[in-house]
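Read through the structures below before going on.
Okay, so subunit A shows up in both of these, paired with subunit B first and subunit C after.
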Partner chain A sequence: MEPLLNQLPIGLSIGAVLLLIALGLTFTFGQMGVINMAHGEFIMAGSYTAYMLQSRAGGEAVIVALPVAFAVAGALGWLLERLAVRHFYGRPLDTLLLTWGVSLVLQQAARDIFGAPNVQVVAPSWLTGRVTLLGGSLPYARLFIMGLAAACVVGVWAYLNRSRQGRRMRAVMQNRELAAVSGVATGRVDQLTFFIGSGLAGVAGVALTLIGPVGPSIGTYYIVDAFLVVVAGGLGQLRGAVIAAVALGMLNSFAEFWTDASLAKVIVFVVIVAFLQVRPQGLFVLRSRRLT
Partner chain B sequence: MSARLRGYAIFAAVALLVLVVAPAVLPPFRLDELAKYLCFAIAALGIGLAWGQGGMLTLGQGVFFGLGGYAMAMYLKLHDAGGDLPDFMTWSGVEKLPALWKPFADPAFAIAMVVVLPVAIATLLGLLVFRQRVRGAYFAILTQALAAAFTILLVGRQGLTGGTNGLTNFYDFFGRDPEADGTQRLTYFVTAGVLGVLYLAARQLVKSRFGRLLVAVRDGEDRVRFLGYNPATVKTVAFAVSAGMAGIAGALFVPVVGIISPSLLGVVPSLELVVAVAVGGRYALAGAVLGAVVMNYAKTSFSEQWAGGWLYLEGALFILVMTLAPKGAVGLYEQARDALARRRRTPEPAAPAPQQETQEVPA
Partner chain C sequence: MTAGAPVLEVTGLEAAYGRARVLFGVDLTVPEGGLLCVMGRNGVGKTTLLNAVTGVLPPTAGTVVFGGEDVTRTPTHQRVRRGMGYVPQGHETFPQLTVAENLQVTLEATAHRDKGAIEEALEVFPRLREFLGRRAGFLSGGQQQQLAIARALVTRPRLLILDEPTEGVQPSIVAEIEAAIERLHKEKGLAVLLVEQYLELALRLADGFVIIEGGRVARAGSAGDLQDEEVKRLLAV
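Now for the complex of A and B:
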């Protein structure tokens, strides 16, 4: 029984990482219909930002790294939106391929700048150690990531529901044309959405440095699962993303426990397809009268 | 009529080039490489059908490619072992031949599985997914997740699949030495022939009523549903056909290249196939084939010079194609032709305009 309980905090922490990544995706994918394959590379940008800062200023710089990574990744995302993505609205499948091209270039650029081998990021001293939680032992770093994910969710929720800009964002998501004729500058909202969504990927990138080494392809390990979270949670649905991320994290962890890592991914895939039989549009659906 | 004749003439010219000129001119090594590109072209043809005609962006064709490849490779391994265990199983400590492998000792079964397995999995997935109206980006993400899960499974099951190394070291290909120039030549001709036949078949399919329906589903799925057709069936059939093509491509890839491994069929190779189709021109089957051959040729020759540069080039090329020429190279030709035709016509409209007016008065 005890090893089984052990999986619970592990699943939670996988879920927290997935949530941090999917939070940004659910913005850009759900809100703008853009499938951003370069999201994984924005994660990488965040990770390398943390690496640069912490290798110069020590592990404690992680606190500084968080906002800086947010800004760096956000700026990259904003540039991507300005230069390319905005010409592609209404062609979601094409954005997928376009952003994949961008992700190839960014990955190779990272390889040329930082070198192909993984680098280790200095961890802050106060995050070494473990805590016993729910019958399992959990490193402080994992706990920190859970806290970070929770904080990001609260921040995003407050932004969406308690700020003017967030309200505009929701308006554009629900009906772009109607928002536009009501005086919302949809283009500006799109820019901001992309900035925030990509910035969150940068934050996720900093979080990833706490649990493993950083490499040019760090983003690719998580991006597929993060997309599954968005699909299962429902487009642009904060609640859906939270529930789906935790559920997927748990499923991953328990499936690995009962079978092994190689079969776990297949099980996750089968469960997702089965789940889509019941809820083809994910957990929560934005009601609309729109016919595709 | 003339357009149709020209189509046949181009096909005949390309066939002549591939079947007569290339084998006469190219050294065996390059010919073998061309055979590899033609394998990818077969898979790309399937993508052209599913994505270009049907609008289903499938990012998991590597899975079907792999199923076909592994089915073929399993037979070859068992044949080489001659009743014993295949070499890699002994290395990874497997003592008894797994039940999954047993039927693949029969070549007829293995060759049937090359098509049956991909088609079955694609049909199952298609039925489950399309019936629930899961489409567009959702479908793309699901197929990508399938590709990711499939490679992780292959790598993890070392004793069953050869793990990261995949299946390789084949010594006997239907009674021939697979490394011999003669065999390489033969597999080249077989691959080219299969590509030609499948191309003509796919073209026929596109021109048929089914093909029209498929394009209609791509452009307005709900309208097709209102007309009384079931889009899910149409899409599933197209997806299954494209999966079968990928399976055949994978099976041919094994004797041509001599290996099948997870790194050849994961998320990135699957995406690269789609990229090739997009660059060649997704809306024309010929564009898909052309794209696969040219992109893979470019990749090989460019990587020989500067390995890292290829990724920059591929990424940049892709961004450019998606932004400037979403219809790909074939579409670019059409764009240029239309622009030229428009320029030729511009001086004329002054004359026919009054004629039209006089025609409209009695009506």
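Now for the complex of A and C:
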């Protein structure tokens, strides 16, 4: 029974990582409908930001890296939106190919700048050690990521529901033309949405440095799972993303416990495909008289 | 209300969806405080005309002068901030925002940002006060249309552009909407550009009209001319 209980905190921590990555996607994919295949490379940008800061300022720099990575990845996302994506709105397949191409360019740029081998970010001293949680043992670093994910969820919720910019963003995503004829500068909202979504990927990238090495393809390991979280949770649905991320994390953790890592991946995919057959719109869906 | 200098002058306006041309050199003028009704059968280009006037669909030729200023290349949101209020066809709202948020998000995008504008809009449609906390997508079609017009009024427009505001709305609310338009136009002197299919409603409200046929102005005149046989023929289905 105890080894089984050990999987609970592991599942939660996997879910927290997925959630951090998926949060950014709830903006660019969930709100704007842009399939941004370069999202994983914004995660990478965040990870390398943490690496660079730490190599200059030491282990404690990871905390400083969070806002810096947000700004760096956000700026990259903003540039991508301004220079390329905005010309492809309403053309999802073209956008997918475009952003995939950008992701390859960014990966190669990382190899050229930092080298192909992985590099290591050392967690700050206060994040080394373990805690017993829900009958299982969990590294402080994983606990920190869970807290970070929770803080980001609260922040994103407050932004979307309590701020003027968030309200404007929701309005644009629900009815772009109506927003324009209401006086909203929709282009500026798009820029901000992409900035925040990409910035959150940068934050996720910093978090990932606490649980593994950093390499040019760090983002690609997680990006598909993150898209699955957003789709299974319901496009643009924050609570759906939270539930789907935790569920996927748990499923992954227990499937790995009973089988192995490869088979666990297969099980996760099969379960999600089956779920989407039954509920193609995901866990939660935007409802209105006209949409139902 | 006597008609004054033009608030909107459209000259030689042309618009297209890709290669499909829809408008061919449309001219029209809405005087300050006037109500011009745009009429015509389905598919003749009435909505396209409004979209081209508001900038939702950039025109391919012609000019749009609003308040004496050429706004042909001005983005839609800036035209709105200058006083061009637009209520698109199909009782459009932000369905997942509450009624209050629908009005608030519009207010926050205006140049004036005066909270009194929301109160003024609610005075036009007091029924909306009951639903301020309800999501717009869950209102009835008629209530959504009232919200759509109230949303445009929050911008404190100099010109209110309405695309078939009574379409698909229950009769009791049609009467409320008609009364509201009449009050805004006749009592408050608001200039209105109205697309409407119902001749009777146009007869009651309009100062002047244009009839669009095949993307061109087939007939224009004052409200009195709406009884002409030629007009009835152009509007017959």
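Basically, the second predicted complex is superposed on the first by the 287 of 292 C-alpha atoms of A that agree within 3 Å, B and C clash if a C-alpha of one lies under 4 Å from a C-alpha of the other, contacts with A are read in each partner's own complex, and residues count from 1 in each chain.
Keep this in mind: a contact is a pair of C-beta atoms (placed from the backbone, for glycine too) under 8 Å apart; a residue touches a chain by one contact, two chains touch by 3 or more.
Predicted, not measured: the structure shown is a model, and the values here were computed from it.
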item: Partner chain in contact with A:Leu276 - subunit B first, subunit C second, else both or neither; value: first
item: First, second, both or neither for A:Arg164, with subunit B first and subunit C second; value: second
item: Partner chain in contact with A:Leu98 - subunit B first, subunit C second, else both or neither; value: first
item: Partner chain in contact with A:Gln108 - subunit B first, subunit C second, else both or neither; value: first
item: First (subunit B), second (subunit C), both or neither touched by A:Thr132; value: neither
item: Partner chain in contact with A:Ala180 - subunit B first, subunit C second, else both or neither; value: second
item: Touching partner for A:Leu228 - first (subunit B), second (subunit C), both, neither; value: first
item: Shared contact residues on subunit A - subunit B and subunit C; value: 291
item: Subunit A to subunit C touching residues, read off their complex; value: 164, 167-168, 170-171, 174-175, 177-186, 286-291
item: Subunit A contact footprint on subunit C (complex, rising order); value: 54, 56, 75-77, 80-81, 86, 88, 92-97, 101, 104-106, 108-110, 135-141, 151-152, 155
item: For the subunit B and subunit A complex, residues of the former touching the latter; value: 55, 57, 125, 128-129, 132-134, 136-138, 140-142, 144-146, 148-150, 152-153, 155-157, 221-222, 267, 271, 274-275, 278, 308, 311-312, 314-319, 322-323, 326
item: Residue ranges of subunit A in contact with subunit B within the complex; value: 29, 33, 35, 84, 87-88, 91-94, 96-98, 100-105, 107-108, 111-112, 220, 224-225, 227-228, 230-231, 260-263, 265-266, 268-269, 272-273, 276-277, 280, 291-292
